[in-house]
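Accompanying notes for the structure given below.
Each chain gets a letter, A, B, C and D, in the order it is written, and its residues are counted from 1.
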């Protein structure tokens, strides 16, 4: 009975993995020389790729972190339900816009509009993650032995990330370099502490 | 023995997830600034993206709804057979045309041909779903404890969706805005009631 | 122990599904209006898409048939080995060229080179399938209760398909329409009889 | 308990498969005629595709080998952990740049910069593999009955591959043909010996 009554997490995980994997590789497709290069033009062509490459690296890193967090969260969920599916799809929607933001920053990083939208997209991703995590905790979808405290703590970290992205969005109107600096804070923030929490449960 | 005699649903689910995931992200690839923007042209460039973005959101929503329904349906199927594979592939074919329709509406939404084809594609998707569901019910592929009534009711809702899309297709010849309005009715329609039915079984 | 000594078929199936799913959707990406259409140019634009669309439908159908056969074959395999992995990758390589052939036929179907290469690609796919199936039968990788006769019969049908594709390749030098006609024979050929064989085992 | 305490390898395998599958097919998307060919221009168009095709074949082969090694390695791993996830993502990052290198070599193989970056990308991939394998051996993540010696031997082969790629990178400054020759050495190197090691465990 169970098998048909509750929805296992397997398929939403596979679907999310698929979309995240494709988002990453769609961005790679933009890392391409625009003109057929000659000995004279090749360095110039490559130089034009540099901002695209840097924005790709940052987005790749952010997507990898999101994937790991998604991985960890769903790994601790007993089963999913209709609402959780929609919250995951809501997250995937904002993640699916990352290639747009990455391309925008890559083609002309000097425009404040680029870092503005880039920041907004990541802000919405962090927000979607917060909604997803809060729902999972409140709806008691976590395995009994998983400490809810740990997840509330991650939720608070997500909120901090949201605050940083929000600041980056506003600062992009002052100087894009401020917001670029802030974009690098979040990966660093998630790179280390996660592990501690993971050891906890 | 069983393992080799009947075909489990796992692989068709994975295959469908893969295709749906890629369809979604292929559309994202169209959300791109056509020219390298400057401070002068950037707002104009972004304005040109707006219809593309809106058609992306609608298609994303429709694809998410289809994915959830596909997810729910196959989750209640005991095993698949050759014909069900073909009915699923038939559905995937029409879904695979959604990026074309989305791009068409996005590049020039004022053309009635755009909303015409956009509507036809969704009409065929709804039709494929109806065929799939009817086959599953008739061939007794549902788990015994799943109420067929619930699935007949969804089938009827699919038919209603087909009628709405059909009207949208015809109305596109009168005014594209009529059909756009109707395109939004179906997501709304599927957004809520599903849940009730899902609770039933 | 077993789990680490023999290689289960799961991952090669998933990998193949992924590649086939992406091949299909990569082709969809070519179904796109080249210019931003206006009321005057839109029908003309759509007319130019027609050959692309037809070649897409044929390739989609062929890929679906290959996927179903791959699905059925691996479903009856006990476990895989290094050589089977390479034979599968060899098959995936030729399948991965289908979007190139489809695009070539789509952009200018009148050129005999287009149908020539299109045919060669499908010829190599059919050949790879034959190699794969022969290896599986010879190496006794099928479940004991699966009739090898059935698989030898499919192998022979693959050979027939190869002969048809070979003829289509040669005839493309005489008239592309001859080879187009032959390209439609194979799907028809695989559409029905498979089922009988499938019932057998 | 176990299910939620240690991270199974399933999802990182699926995620890697997804990315590798997409990387391969993204490259196929570059195998496309640039202009709509006519009877006069078609051979010329195809000739221009030849270097792209050759670089595609080499990259496809390298990716297939990496996939098989990844497949084999994770198949012998008991469970994964946070650090292993990051080492896998690090590998996937370098693999994700292969389409860029392949496109670069394909559009103008005569430029030393092309083979230089192509080589650097593969060098980093081999390095990532070495890190991954060393971590797995040191952290005792292999099933007890798997011979660590075998994996140390593969690690050493990876180092040899790194040396070859490093030489190819340097030689590209002298002549691109030297480095092309070396690029073919590694696939050959991995094609055969792997099997022996695989039989061992």
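In the analysis below, contacts are C-beta pairs under 8 Å (C-beta built on N, C-alpha and C of every residue); 3 or more make two chains touch, one makes a residue touch a chain.
Quantities reported herein were computed from a predicted structural model and do not represent experimental measurements.
J.: Can you list every chain in contact with both chain A and chain B?
T.: Looking at chain B and chain A together, no chain touches each of them.
J.: Enter the minimum step count from chain A to chain C; a value of 1 means the two chains touch.
T.: Minimum number of steps from chain A to chain C: 2.
J.: Over half shared numbers or under half: where do the identical copies chain A and chain D land at their interface, same or different?
T.: Both copies, chain A as well as chain D, present different residues to each other, with under half of the numbers appearing on both sides.
J.: Using C-alpha centroids, which chain lies at the maximum separation from chain C?
T.: Of all chains, A has its centre farthest from that of chain C.
J.: Please compute the C-alpha centroid of chain B, do the same for chain D, then give the distance between them in whole Å.
T.: 36
J.: Could you state the distance in Å from the CA-based centre of chain C to that of chain D?
T.: 25
J.: Multi-chain contacts in chain C: which residues touch at least two other chains?
T.: Those would be 14, 18, 22, 26, 29.
J.: What topology does the chain touch graph have (line, ring, star, complete, other)?
T.: The chain contacts form a single closed ring, each chain touching exactly two others.
J.: Write out all the pairs of touching chains, ordered by chain label.
T.: Touching chain pairs, listed by label, come out as A-B, A-D, B-C, C-D.
J.: For chain C, which residues are in contact with chain D within the complex?
T.: It is residues 1, 4-5, 7, 11-12, 14-15, 18-19, 22-23, 26, 29, 82, 85-86, 89, 92-93, 96-97, 99-100, 103-104, 107-108, 111, 113 of chain C that touch chain D.
J.: What does chain B use to touch chain A in their complex?
T.: 13-14, 17-18, 20-22, 24-26, 28-29, 31-33, 36-39, 42-43, 46, 57, 60, 64, 67-68, 71-72, 75-76, 143, 145-146, 194-195, 198, 201
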